[in-house]
Structure formats: structure tokens, C-alpha cells
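Below is a structure I'd like to ask you about.
Labels A, B, C and D are assigned to the chains in the order they are written; within every chain, residues are numbered from 1.
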Amino acid sequence: MLDLAFWLLFLLIAAGLGIFLFASEEDKSVVSLVAVFSALGGVFALMGYTFLGGIYVLLYAGAVVVAFLMVAWLVSGRSREGRSIKWAFFLIFISLGTELSLIFLGSRSVFRRVSTSVSALGELFLGKYLYVFELTSLLILTAVVSSLVLMRRRS
Amino acid sequence: MSFLLALIVLAPALGALVLILLGRFLGKRAVFWFSPATVGISFLASLIAFTTFKNHPSVFYLFPWISVGKFHVDFSLLWDPLSSIMALTVSGVSFLIHIYSVGYMGEDPGFRRYFAYLNLFTFSMLLLVLAPNLPMMFVGWEGVGLCSYLLIGFWFDRDTAADAGKKAFIVNRVGDFGFLLGIFLLFTLLGNLDFQYINSRAASLPTTAATAAALLLFLGATGKSAQIPLYIWLPDAMEGPTPVSALIHAATMVTAGVYMVSRLFPLFARSGLALEVVAWVGIITAALAATIALVQNDIKKVLAYSTISQIGYMFTGVGVGAVSAGMFHLFTHAFFKSLLFLAAGSVIHAVGTQDMREMGGLRRKMPITFWVFTIGALAISGIPGFAGFFSKDQILAQAYLHSKTLWTVGVITAGLTAFYMFRLIFMTFYGEPRGWKHAHESPPVMAIPMEILALLSVISGWFFSSFHQWLKPLGYIHLEELAHERELILMGVSVGLALAAIVLAWWIYLKRKRGLRTGFLYTLLTNKYYVDEIYEALFVVPYREGARAVSRYFDAGVIDRAVLGSGKLTLEGGRLLSFLQTGLLKDYALWMAAGIVIALFVALRGLL
Amino acid sequence: MTSVMIFLPVAGAILLLFVPREKTDFVKYFALGVSSAVFFFSMWFFLNFNPYYPFPQFVERARWIGFGLNYHVGMDGISLVLVVLTALLSPLALASSFRYIKEREKEFYIMILLLETGMLGVFVAQNLFLFYIFWEAMLIPMYFLIGMWGGERRLYATVKFVLYTMVGSLLMLVGIFYLWKHSPHHSLYFYQLYSLSIPWGSQILLFLAFALAFAIKVPLFPFHTWLPDAHTEAPTAGSVLLAGVLLKMGGYGFLRLAMPLFPQAFKFFLPYLLALAVISIIYGAAMAFVQEDAKRLVAYSSVSHLGVVMLGIFLLSLRSYMGGIYQMLNHGLSTGALFLLIGMLYERTHTRDMKKLGGLARPLPVLAAFLMITVFSSIGLPGLNGFVGEFLVFLGSFEVNKTAAALAALGVILSAVYLLRMYQRVMQGRVKNEVFLKLPDMNLREVLIMVPLVILFLWMGLSPNFFLKKFEKSARLMMEITQQKYKTLYLFENGGER
Amino acid sequence: MSSTALFLLSALLISAGIAGFFVRKDLLTMLLSGEVALSGANLALLVFATRSSPTEAQAAVIAILTVAAAEVAVALAAIAVAIRDKGKATEDIASEMKG
């Protein structure tokens, strides 16, 4: 049962990457990545890193890809109605669905190959790796500021 | 005694120094008096030394010069029969010519410079003559070369004079190259360069080494004494003032070669071949120069070729072993040849041109010069009673004993000598005046020295036997005996030829009024057998053009370009590599990816 | 004391910095004063030098960077005479440029003083590292001298000069590293290095590296093309010091470093070096014969004269070796004098092209007289200094290698040819340009510059022993070292240090 | 779900990412392919750490993610600027560095 799910996800990722590499339009390739990342989140969940799986799906499939999608449309200069939008939503819906179900299964110790607890993770971040944690936050701050500066209209 | 010798040499040197440094402050009168005086002192000193000093030979040490390891050369002076004779002749003739120059160069603006160089010349010549070893002689040797350069090119604003001076110095320098190599060879052979040491050890030298050294030294002698092959500079040296030609190119410098060969006679004798070479070069030069002199129209050029010819005789004399005969001819030649030049000088001074075709009929206008010139001509032609006869016949006699052909060439040349001398007299003094407007006899200051020299060119001939005895102590002086009647026959032949030549000259130049004008022989002779042109083509032009070509193509072309090329190499290399900098991110990423793959491959190669 | 002498010019240069630019006269005479002081220093050394002690004297040592790179100066006979030559030529070169240099005088005199320190340093350095530092340091002022006050193509010439020399000396630096590594407790002291035995293979490479650096400096035949350019573009003072001193460093480098450090390799390369020296003599003379620019002619004549010097040094017979060193001094004086005179000529006629010059002996008799004396000294007329040097070199080399000596002696003729031709084209014949007839003759300052040189020509020509004796012992020692007579030198030398 | 299979997946992701960088012409997808390669690396990291220290691996991955996020932010800004100035955001917009 576990291997079946894994190979299913493997296929999904491979297909997604195939589309990503050879899609003629940019937004098609960007959208295909949503599937890839959510499937990857699934794999993490299968491995037992359910928390990570969840983060992956939220961060990548949700925020990053969508942001890129928006810039992609900005690039092509016209808002994209028509078939591809619907097609995109359908894909996103499918991947989210499978992902959520896997997370539920994961949490129910059926595939518990790895025992991880989010609280242990928290202690780690605020204990041993406090500096790392602070540094990354600083990094993110500079990234945001710099992108704002970059985007300022030159006087 | 060493003070006396030092005085002989240093008096003219002091004179030259004073004239060079303080010349500007000395008036004309002071210079005219001072410069001949210094040479006069040196003449008196050598006279005193000649008469008082008996125990020959002796070397007087003055001060050290170079000493490196076992090589020692000091400034010292040698006084022996040979050098005493030379010192006397040189200082005597130089003194007379200094007095003559007062008249001749009186008006020339550069007279201070002239007298300074003349003094410097006398100093160098005396140094050459009194040197006890080869390096010291070489100092005098080059010194006279320098002074001849300065004096030939005295009127330096005339290009021909400057060229002639430069030519003289360079040709002499070629000779000195041989001289130097001779000195080095002798040093490596013997380790010591004193004449007495060389002469004493000459017998022990291997013949080939002795021949090589002798021939190299003889190359130097041919350079200085204007023999084949290095005689080309003497005719051009006539660009200088006439007294200079009289002193340097007749009496003293050109005889240095003969003196050197006689000084190192044992070395030459050791290698029989060298003596043969000396004899034959001498006689051939004599003959060649005499033929050229036949057709020269410049009065000084005639005398110049005559000098080359007479020196050829001297070398023949020494070459056949009769050193005293050769030296005696040198002794007498110094007087009558300088006399001839001075007389020619007074003619030029009077008429203003050197071309005989514009002279003629000067006999009445310049009686003293005419008579004095005739005495000189008689002496040089070997007419009995005059100096030339005694010395030349002695050489011819010895030559006869050595080899018949040598004698025949010698006699014929004697005939030619008589011919061209009297051709000169008839063209300048006889016949009707051509071209010159007015001519005046030379002032006493020029006439007296000529008269003294005329006297000397007559009486000096009678002292051959005492001259021979005087040189005996040198050890290598001997004369073969000649059957008395055979000697008379030879004398008869040569005198007969001379008289015949005079008559022939009289018939051609006075009776028919015009000499040889055309024909292949005439053009060949006037162009001096094209020797100058041959040398130019053989040495000067290839050297100049070759150097110019090498300079343009090799020096600038190859080496420089190679140097600059290496500079360009780096530039081109840089441009070559710049194609990598395409500016496109993708390419840079590609190099990076390629780098990673290679690195991985190398790292994993161990594992696979 | 030696260090005081070397660094006096630098001190003078630093003091000059504080002098305001406008006071050019003060700058000139101050610089001249400093340079003359250095000359009197060198005189003191010359007189107090013990000619019978072959090893360096007036030695001063100090720890500097440690690891064998320490400050160690001293003078043996050979260094002494070269130091005196430098100390003599510098003030003369300085004095000759009072009217020659019109803009940026202050910097000019500072550069000259710095150059003087560099030059002196090279001759007194006893530590290879210190030698290299002075060797390179001397290039910088020379670069500015030619670069800023030179003729039209000065940038081209100076860059070519510096790069050419730099390439050579970088190879030498590599050699120095090798020696440093292999020398016992990393000492770079010359006499310690002489007793170092180096394997054959690396000795060949090392000798090539050192020989190249010095051959460029001499300059020997194929490496000479920088010299004519550097000379035509350099100002008078630059040319005088470049020809008078810098070229001697090549020869000095050979006899002090390249030959004694790698004797076997030197023996191996001897035939090629001899060939180069002889070619330099004849090639230099031939090139000089066809030059149109007076300075280029003298530059090529330097190539020829230094060919004679190197021939003498390579052949290692006592006479030729000492003759070579003596000829170095003569060449320094006579070529220095030639450049001074050509400079004075250039100040008046503003051209060096011999086609435009001619018959200048009429308006400039005194200058013509000095030029004649200098020409005859450089031709090697007996009685003047050139003859003694050339005679000894040819005499000595004739004992060792007859053919090389005979070929080299040809130079005697060729040098007369091109120098007399130059004298005739410049001084004799008719004046080509009427303006030249009214040229002013030499003033007192110029005469005072030339007089000491002419006195030296005669003094070194008539009584050479006075100078020869000073460096005879040291020359013998260097020869014996090059011929591998001493095995462990350091112990021997240590005892006798003063 | 053996670890080799997971490594296979990780290898697939990394190579796809690098290939994507070279195949795609527009900057956006090139950046995303960077992300894909990065996540492939994360997967490999996690697989290695399954036995020894899973939680630390998770922490490491989260740190990596934050860095990736920062990178995306700046990248997007840069692309936006590129679009505004150069009109298009393909990889050949800037070649001033040409040698």
C-alpha cells in the first residue's frame, strides 16, 4: 500500500517535470510545478515528515508558484482567461486533495517510519539552532527590503 | 745621460702642450720662435748624445707604465747606434722644416694649431725611434698616425682633406691591427717584448711562429710606410700642407716601417720567408709606384709616388740582408726627398697651384728653388757624386747578389725614377710659362732650410763606410763582398740608364712639348691601376651596404620585432581568450556545470 | 661608513622634497652638493682601501628580515673602482643638465639622486637578496628619467627598456630562490654561496637564468635592441649614467655572480658566450657605422666596447680579466664624455641627425677639441685610457684563444672607422646651416665638467698601475673562485673579516 | 519506498532542475528549475537523515526553505525590474559583461 502510493507520486512528479521542461508557454510549465511540489510534499509525508510535507505544499505549491504565475502573466502582458485557467485550477485541486488525504493517513501512525514531533522541532530551533533561526529571519528581512528597493521607480 | 735623452723626447712634447693650452695667449712672433726652438733643443741634445755617448746600447728607465702579472712595460728610452742615427735625422729634418713652416704657414689663421701638431708629431716620432720595446714603439707608432691624421686634415673645412685624413688613419689602423697581433704573438711566444730580448731569443723560435710574427709586424710596417697593399693613403695625404708632406710623408713617419724591420732584423732573419717577402714587396712597390708617377700631373702626387718607390728600395735593401744599405738610403732619402717637397712647396706657395700643366718657365723667376730642386732631382736619380747614387747603388749591388731579377727590376725602376723627376723639372722650370701670372722667389726663412738640405743631400752620400761601421755593434750588420769590376759594371748600367732617361724626358717634354696623352696604358696609369676603386668595391662598399642592410632588416626587422612580438603575443593571447566572456549568463552557467561534472568525474574516478 | 655613502643621495632626495619648486637654483646646487659629497666619500674609500686584502672591506652587516635576507654591504677592489666611477659620473651628469632640463627640475634631480643610490647599492651589496633589491630599485628612477624628460618616442623606449630588463631579472629571482633554499642555513652571502656545490642539471638552468639577466644588461649581441632606443630618447644625464654605469652592472653581474656561482655551467657555455662577445664587437661596430643619429651611434659603440669587456672577463686570463675591468672604467668615462658632449651639442643645435650637422669645429673649437680627445680615447689611442684596457684584453685573450682575440682585435679598426666618420660628419667639412656659425662655444661650467674626464683619460692612460693595483688582488681571487680553486671559502673568509 | 528509490527520485529532481536551467529561455522558469533542483537536494538530505537525526534534518530543510524563499523574493524583484526596463525577461537581456 505504501509503495503503491509512493510510485504513484513518483509518476506524478515525473509527468509534472516533463510538462515543466517542454511546455511551450511559460505559465503551463509553471503550473505543472504545482503538481510536482505537492506530490513531493506527499512523498515527505510518506517518509514520515508530515510537518514538512505540509509546509512544502503550502509554501511552494501555494505561495511561490502562484507568485511566479502572476509575474508570468505580467510578462505575457495580458490576463489569461479561457481554458488554461480552468485547467490550472483543476490540477491544483487534484494535487491538494491527494496531499491532504496523505497527511491524514500519515498522522495516523499507519506509515510511522520516522517519529518526529513538531515540538521537538520547535525546541531545536529555539535552542541549539537559535542563531540559524535568527539569521534566516534576518535574511528574509533583507530579501524583502531589497526587492522593495529594486522595484522603486528610478527617479 | 737619461736627462739628455728625456730632453730629446720631452722638449717637443712640452712645446706641443704649451701651444695647445696657452696657444691663445702667445703672439705670432712668440709661436714662430718657440716651436722651432723646442725641436732645436731636441736636435742639439741628440747631437750631444750622438757625439759623447759611446757605450752602446743602453736603456734609460723613466717611469713605470703597465704591469699586470708577468707583463711589465715601462716608459724608458733606448740609445744604440740605430736609434741614435734615427733620432739625429728626425730631429734635424724636423727642425729645418719647422723653420720652413714659419714662412709657409705664416699667414694661415690656424698656425698655432699647426705648430702644436707639428711639435706633437716630432715628440711621437722620437718616442717611436727611442722606444726600447714593442708596446712603447706602438705608442709612438699610433701617435704619429694621430698627428698625420690631424695634419692631413688640417684645413678640415675642405671635405677632401678631412676624407684624406680619415683614410690615412684608418689604413694605418689596419696596419696597426697586424702590428698588434704581432706583438701579442711575440708575447705569448717569448713573454717579454724588449727588442734586445727578442733579438737575442729570435734564433730559438720555431720558424713558423717567427714567420707569422714577422709577417704580422710587416703588415704594420706596410701600413705605416705605405707599401703594397696599404699604400693608398699616401697620395691622398698630399691634401695636407706641403711642409707636413715633407716632414711626415717623406722623411720621418713613412720610414718608421723600415726602422722597425731593421730593429727586429734577427726575428725576420730567423724566418727566411719573411725576409723574402719584405724584399719582393719592396721592389714590386718601387716598380709600381714609379710607373704611376710617370703620368701624374700634380707636383706633390709625383713626389708622393716617388717616396713610396724609394721606401720600396729601402725595404729591398733590408730584405736582402743589407740592413746598413737600407738604413743608409733612408738616411740620405730623408734629406733629398724633404728637400724636393720643400722646393715643391715654395713653387706652390709662389704660383698657388699644384698642377704642373699650369706651371713652366719658372727657372728665371725662382732661381734658388730651381737649383735646389735640381740638386735633389740629381740625388734621387742616382747621378754619381750625389747622395742617392751611393745609397741606391749599394742596395742594387746587394740585391744583385741576392737575385738577378730583383736587380733588373731595381735598375729599371731607377731609370723610371730619373725619367719622372726630370719630367717634373722640365714641366715646371723649363719651357714657356703656362697659366701662372706672377711668381716670386721664396723668402730666406724658406730658402735657407732648402739650401742646407741641398748641401746635405750632396755630402751625406760620402759617409756610407763610416755609417756602416757605426751600425756594426748591432751585430746583425754585414755586407757581402762583390767583385770590384762586377760592381763597376752594375754602376755603369744604372748610371747609363739614368742619363738615358733624362735625355728621353728632355726630348719629350721640351722638344715635342707634349707627353703621352692617350692609350690604354696612359689611362691605366693615371687611374693608379684602379687600386682605390678595387679596395672601395672589395671592402668599403660591401661593409657599408651590408651593415645598412643588416641594420634595417636584421637588427630592426628580426631582433626588434622578436622583442616587440613577445609584447604583442600577450595582447593577442588576451584577445583570443576574450571570446569566453560572452556576457550571457547561460554560458557562464554552462562552464560552471561543466566544471562540476569534471570535478565529480575526477573525484569519483577512484570509486568507480 | 659604506651605508652612509649609499644612502646619502636618498637622504638628499628626501630633503629636496621639502624645497619649494620655484627655487630651481637651490635645488640644482643642493643636488650637486650631495652628489659631490658622495664622490668625496668614495675618494676616502679609494685612498683607505688596502689593495693586498682581496676580500670585501668596509663591511657592514645587520639583521634585516632574517632567514638569510639580511643587510650586508662591503667593497672589494672591483666594487671599489666601480663605485668611484659611479660617484664621479653622477655629479658630472647632474651638472650637465642644469640648462638642459627646463621643466620639473626638482623631480628630475630627485630621480637622479635615487638612481645614484640604486647604482651604488648594486656594487656594494654582498647579500644576493640585497643585490636584487638594488638591481630592481635602480630601474624605477631610470624609467622616470627616460619617460618624463626624454625625446619624442620616450614612452615606447622607456617601457621597452624596463620590461626587457625586468624579464631578465625575474628569471634571476627564481634562481635566487633556488640558491636560498639550498644554501646552508639560508645564507645568501656571496662568499658563502660560492662554496655551494650545485648539481649539474640545475646549475645549467641557473646559469642560463643569471646569464640572461646580465646579458640583457651588458648588452650582449642578441639582447641589445633596447639600448639604442633608450639612449636616443634619454636626456643627457640619463644617457651618461645609463651608458656610464648601468651597462657595467651586466659585466659586474657576470664576474661577481654568474661565473663564480656556476663554474661548471660557465665552462660549458663558454664557447657560446665568446661567440656572442665577439659578434657584439663586430656587430656593434658595423651598426654604429651606418647610424644617422649621433646618440644611436654611441649606443651601438657601447655594444661594441662592452663586447671587448666581456671577451676579457670570459677568457679568465689575468691580463684579459683585469683588462676587461679596466675597460669597464674606460668605457664609463669615454662614453660618458661622448654623451655629455653630444648633449651640449644638442643644447645648441637641437638636432642629433648628422646629416644636418657639419663643420662645427669652426664655431665651436673648444667643443671640437674635447670631442676629438674623447673620440681618440674611445678608439684606444695609446697614451690615453682606452688603449691600456683594450691592449690588456687582447693580449690576455690572445694567450687563451687566438682566433677570438684576432677577430675581436678587428674591432680596433672598425671603431676607428665609425668614430672618425662621426667626428668628420659633425665637426669637419662645410657648415650646412648658416645659423650654426654663430653658436656659442662651451661656457665655464661645461668646460669644468669635461676637464676632470680629460685629466682621467691621460692619468689612466699614462700611469694605469695606480688603478690596476687597487683591484688586482680581488680580481685574482674572483678568477680563482671561478676556476674552482677554493673548496670551503666561508671558513677561510670568516677569519679575515675586518 | 526503499531509500534507493528515494534517491532515484532525488536524482531525477536535481537533473531536471539543472536541465531546466539550460533548456528554458525565460528567466522565470530558469529560477523555478533552480527551486526544483533545491528540493531534490532537500529530499536527499532527508533520506540520509532518516536513521540518525530526523528532527535536525527537518530543521535544516526548513532553514533551506527560508533561504529559498528569500531568494525567490529577490529574484522576482529582479525579473520585474528586467521586464520594466528591458521589456522582456529572457536570458539574453544582459550581455554588457561581454569581453
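The working rule: a contact is a pair of C-beta atoms (placed from the backbone, for glycine too) under 8 Å apart; a residue touches a chain by one contact, two chains touch by 3 or more.
Keep in mind it's a predicted model, so treat the numbers as computed, not measured.
Chain pairs A-D and B-D differ in how many C-beta pairs are in contact, and the one with more is A-D. Note on chain placement: the centre of chain A and the centre of chain D lie 12 Å apart, centres being C-alpha means. With centres defined as mean CA coordinates, chain C is found 79 Å away from chain A. With centres set at the average Cα position, the gap from chain A to chain B is 111 Å. Chain B and chain D, compared by their mean Cα positions, are separated by 99 Å. If the chains shown are joined wherever they touch, the resulting network is a simple chain of contacts running from one end to the other without closing. Checking each pair of chains for touch leaves A-D, B-C, B-D. Across the interface of their complex, chain C is touched by residues 63-69, 71, 135, 138-139, 141-143, 146, 149, 153, 156-157, 159, 162-163, 166, 169-170, 173-174, 176-177, 180-181, 183-185, 187-188, 543-544, 546-548, 550-551, 555, 559-560, 563-564, 567 of chain B.
The residues of chain D lying in touch with chain B in their complex are 18, 21-22, 91-92, 94-99.
Contacts from chain C toward chain B in the complex involve residues 160, 163-164, 222, 224-226, 283, 286-287, 289-291, 318-319, 322-323, 359, 361-362, 376, 381-383, 387-388, 391-392, 394-395, 398-399, 405-406, 409-410, 412-413, 416-417, 420-421, 424, 427-430, 462-465, 468, 472. Residue ranges on chain A touching chain D, taken from their complex, read 2-3, 6, 10, 13-14, 17, 20-22, 26, 29-30, 33, 36-37, 40, 43-44, 46-49, 51-52, 55-56, 59-60, 63-65, 67-68, 71-72, 74-75, 113-117, 120-121, 124-125, 129, 132-133, 136-137, 139-140, 142-144, 146-148, 150-151.
Remark: chain B residues 577-586, 589-590, 593 touch chain D in the complex.
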